[in-house]
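Structure first, then comments.
The first chain written gets the first letter, and so on, giving A, B, C and D; residue counts start at 1 in each chain.
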Amino acid sequence: MSEALAAPDTTVDLAPRNPRELVLRNPVMAASGCFGYGQEYAQIIDVQRLGAFVSKGITPKPRAGNAMPRIAETPAGMLNAIGLQNPGIRGFLKKYPPIWQHWQVPAIVNISAEAVDDYAMMARLLDEAPGVAGIEVNISCPNIAAGGYCFGWDPEMSADVTRAVRAATTLPVIVKLSPGALDIIGVAQAVEEAGADAISLINTLVGMTIDTRTRRPVLANVTGGLSGPAIRPVAVRMVYQVAAAVKVPIIGIGGIASLNDALEFFLAGASAIQVGTALFVQPGILMRLIDEIEAYLAANGLNQLGELVGRAHPAHRADVTADSDVALAVAEG
Amino acid sequence: MSEALAAPDTTVDLAPRNPRELVLRNPVMAASGCFGYGQEYAQIIDVQRLGAFVSKGITPKPRAGNAMPRIAETPAGMLNAIGLQNPGIRGFLKKYPPIWQHWQVPAIVNISAEAVDDYAMMARLLDEAPGVAGIEVNISCPNIAAGGYCFGWDPEMSADVTRAVRAATTLPVIVKLSPGALDIIGVAQAVEEAGADAISLINTLVGMTIDTRTRRPVLANVTGGLSGPAIRPVAVRMVYQVAAAVKVPIIGIGGIASLNDALEFFLAGASAIQVGTALFVQPGILMRLIDEIEAYLAANGLNQLGELVGRAHPAHRADVTADSDVALAVAEG
Amino acid sequence: MQSAAGATMRPREFLAELLAIEPVMGDSAILTFTAPEGFAKAVGAGQFLDSLCRPESAHDPLLRRPYSICSVDRARNTFTILVRPYGRGSAWLINQPVGTLIDTLGPLGNRFEVQPKTNRLLLVAGGVGAAPLVLLAEEAVRRGQSVAYMMGAQNAEGLLPAHVLPEEVEYVVATDDGSAGAKGFVTDLVGEYLRWADQVFACGPEPMFRSLRRVVLANRIGNAPPVQVSLERTMACGLGACLGCVVETKHGMRTSCVQGPVYDMDEVIWS
Amino acid sequence: MQSAAGATMRPREFLAELLAIEPVMGDSAILTFTAPEGFAKAVGAGQFLDSLCRPESAHDPLLRRPYSICSVDRARNTFTILVRPYGRGSAWLINQPVGTLIDTLGPLGNRFEVQPKTNRLLLVAGGVGAAPLVLLAEEAVRRGQSVAYMMGAQNAEGLLPAHVLPEEVEYVVATDDGSAGAKGFVTDLVGEYLRWADQVFACGPEPMFRSLRRVVLANRIGNAPPVQVSLERTMACGLGACLGCVVETKHGMRTSCVQGPVYDMDEVIWS
């Protein structure tokens, strides 16, 4: 164990191959859809201390979102079917970037669309917006041109979106993968190849719950996105698999609710993390994680967060000879 | 509400299009891998009262299973990587069917293999085995001929296995789908078309957890199958989707731990249910469910379990006009 | 002493110590808690708290549960909530022993708005919807306004005990079985008070709102008296960030946790 | 009175009422519970119970936790377990008030086997591994056999208090800091007792087994004395159904919950 006299270095560059850079003071981010536009939580935490935050998903046109109920609790998790309620890219640009311009914390804009051109259009509009530090591309959306098939389920379609966004902006581009993809490694490699500066994963799983008294689906939208601690094992697995296959930084997301959870993602290969659902339960969690990660590094004699990243992989395990142990994980029964 | 004077009818035929039939006294089954070979739980519950039980997965050759640890707890769920420890089809046939022969409860044998021929070979050996009431085909296995790609992820490969098993036996054949499939509806239709008498879903999701003290995966096998209440919303969604697309009976599986959970699956379209992980927590749950389902039907004036099956679908909801509301569910954020 | 109307307090996460449990309304209870400094004076009727209803170490049930502030004791800086044991969260909360520290987020949400010219308030309560109207009654009485508090229940046992309300309040009750007050629905009594009231405030289950609205629309003159309703929506964040709790209004989607839970009845688009 | 050796009891799920909590070994505690009829007489040393360590209504932490039976009071038909607050489950259990009903499954597993000719038992305990050896000591003393009970800990505080063991037992202790007994590891003391003992029984953490095995292999003559070890494996079902808890032995995979947790040291394939 080395002596760590100075405070450990927790900075992360999420866009090492982009001249515009995306350097975070620490690896703790707020996840899209769970942190509004940064102002909502500003009343109870010091938002400026965050590594970064990601806005609610923005779409080409304003959306009123789905009917109520939009939320249902499930064991150690929740379903949401907000339906991307947002003011649309133009309404958004008028309202939030002018505020963020005066903030220290990097603000990342999450974009969703149903056509490649629309993703590109939004990226172009964001390119020069003051106060926007990067773009997170949500590819868990139906591709209208492909009959509603999800962009993020197909490596080619995922790469198409990434290429179009990459061509439309010099901003750091993070592509957020869908856990519904069969071949998550293939999708990750495709978006890396297509120019993604970083990869976020995972988005929500698709779930549903039924009210047995009314005998109908609880959510007005019938199905919704499953998030929270329940999905963490799936998220850790995907981060671990993708980390063995790409070189760009990975942002780990899914059920993080404690220091131990965050460490699992770093060890699996994530350079930064996002917290979503746990914010609803513990609004102070982001501040706590920032402090606890720094304290953990110091207590373990680590000078840099990077020393933890990917340490659970075989290359770092003396007793394992394989380069990678990520087989096509199927049934284990 | 009609008067239910006689006890409600809870029988289910899981193989209505098969002359050999698979009639259960009630819809409550024990899931594969969670109930051993029926004897283990016989010491604490009256196994003969069950609708049916499914054996541990049997393979063509004996298997010692994976190294330890094989189990890890996760939020409201668990991971397992048992690695199909079993005596192989021949060892199995010598040992268990002779015992089951004297039992009232239908015993269903779960089979796993890595080649279509091997599935067929096991089905042939089981065909005339005394004490075997049906076969559950676990298609969440890697297909060696397809480079380890999971049978259950592909409609064609799923149909191939089903056809081969169907041709090899006249026993009722239940095909157990993998939740990893992108197009679960397509897989379900393919196996129905290929001759499945019934469909079970879901098997476990693939997950992983890391021990942050040792900085290595908890499971010796690195990844494992995620089961328990955490996955219930995913399972209910898949049952709901598949029920709208096939005519054969569906067996709902995934995180069932209470009457309310079981009712969710019936309302989603399951004709019967299997309980796995919850058995570990509440060994008495199967007996309780049998009693509670009957009591629920009586209390709600239902004469038959069938009156509940699929009731959450639009056809039964006065305010909904669509035939089906199962769009390709993608992101909901 | 600072007046309540002006004071506000940002939401915060705090540990509230359970001081007392008073069983009321059959299976429900009024729970008294300690509050952070200045809390009792700063909060207003209609606001609510979001409580973690489980041991901190478990992840299930995951989310906080919202409870309306029922009353405050400004001198002792304590507050109460009224809880019905409905499901897992509320049943856990109501069964904690005195002394338990409950992780609480708040105050959240907007307040009932009493217009400067209002002198007579009609409050219409159903079930645990009684809670925010108790605090509203306390505030109105402190300001010297007249309050008629109407409550309905299946039987006498289901009613809020009178001692919970300030003495000055006129407590009008109705029961389905006639075991206390008028026999029938509380909304049947609303008609005759509509002329008297300058403003109406209501909180209760959805069916109550529907019949209240029918009575009001049938009886009032123009838009007078105006009616404010406190609506219940499933919530996640409680801070306006997740958009999970919206109510559709004539001005678009409004979050129930920040822009609600109190709405003008005429602005809500009733489905 | 029926002899313990012959009696057995099938596993069952029962509610055990927490009767007493005795803090021991620093942060740990001995918990006393009521038992189902006939339980205290039917169980044997090495067997364990599987306890639900959370409110029943939550799903997290999901699985039961295994705890060895530490002692029984046959007259009052109660039993004890020794719990160290390690993680979420054990911390919850140890903090429950007297009177709590704990959902318990058991008795589970096999027993230490004392051979008919054995007169001298050497027991080697580490940490909460002390528990099953207490019951073994009780049984041996009841049969009139001689028992040496060895335990190691970091310091005196970490040791099982002597009064927990029958008076007849020779209690040999070692501490890392020398604050009680010999200074050093308990396994350093094993060597000299190996000649004396007819059988050895051990329970503790993995490193203890490794050094015990080293000492035994270096000192014993042939296979004498035989050594039985109680091993800890993560468990799910507790009934031999899930195959999650296996130990690799020379005779194949053996479930720890039914065919274990007690194994012959020489049969286990040590990795």
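Here, contacts are C-beta pairs under 8 Å (C-beta built on N, C-alpha and C of every residue); 3 or more make two chains touch, one makes a residue touch a chain.
Owing to the predicted nature of the structure, the values given are computational and were not obtained by experimental measurement.
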In this assembly, which chains make contact with subunit A and also with subunit C? B, D
Would you indicate which option in B-C, A-D or B-D repeats the interface seen between A-C, with over half of the contact pairs matching by residue number? B-D
Just the number, please: Cα centre separation of subunit B and subunit D in whole Å. 38
Quick check: how many Å separate the C-alpha centres of subunit B and subunit C? 46
Taking each chain's centre as the mean of its CA atoms, subunit A sits from subunit B at a distance in Å of 33
Multi-chain contact residues (two or more partners), subunit D: 59-61
Of all residues in subunit A, the ones touching two or more other chains: 33, 56, 74-77, 80, 82, 228-230
What's the contact topology between the chains, one of line, ring, star, complete, other? complete
Seen from subunit A, its contact residues with subunit C in the complex are 33-36, 40-41, 43-44, 56, 64-65, 68-78, 80, 82, 85, 228-230, 257, 277, 279-284
Within their complex, subunit C touches subunit D through residues 54-55, 57-61, 88, 91-92
Touching subunit D in the complex, subunit A uses residues 75-76, 229
Partner subunit B, residues of subunit A touching it in the complex: 32-33, 56-57, 66, 74-77, 79-84, 112, 138, 140-142, 148-150, 153, 178, 180-182, 203-210, 212, 215-217, 221-226, 228-234, 236-237, 240, 255, 260, 263-264, 267-268, 311-312, 316-317, 325-333
For a test of understanding, state which residues of subunit C touch subunit B in their complex under the given definition. 59-60
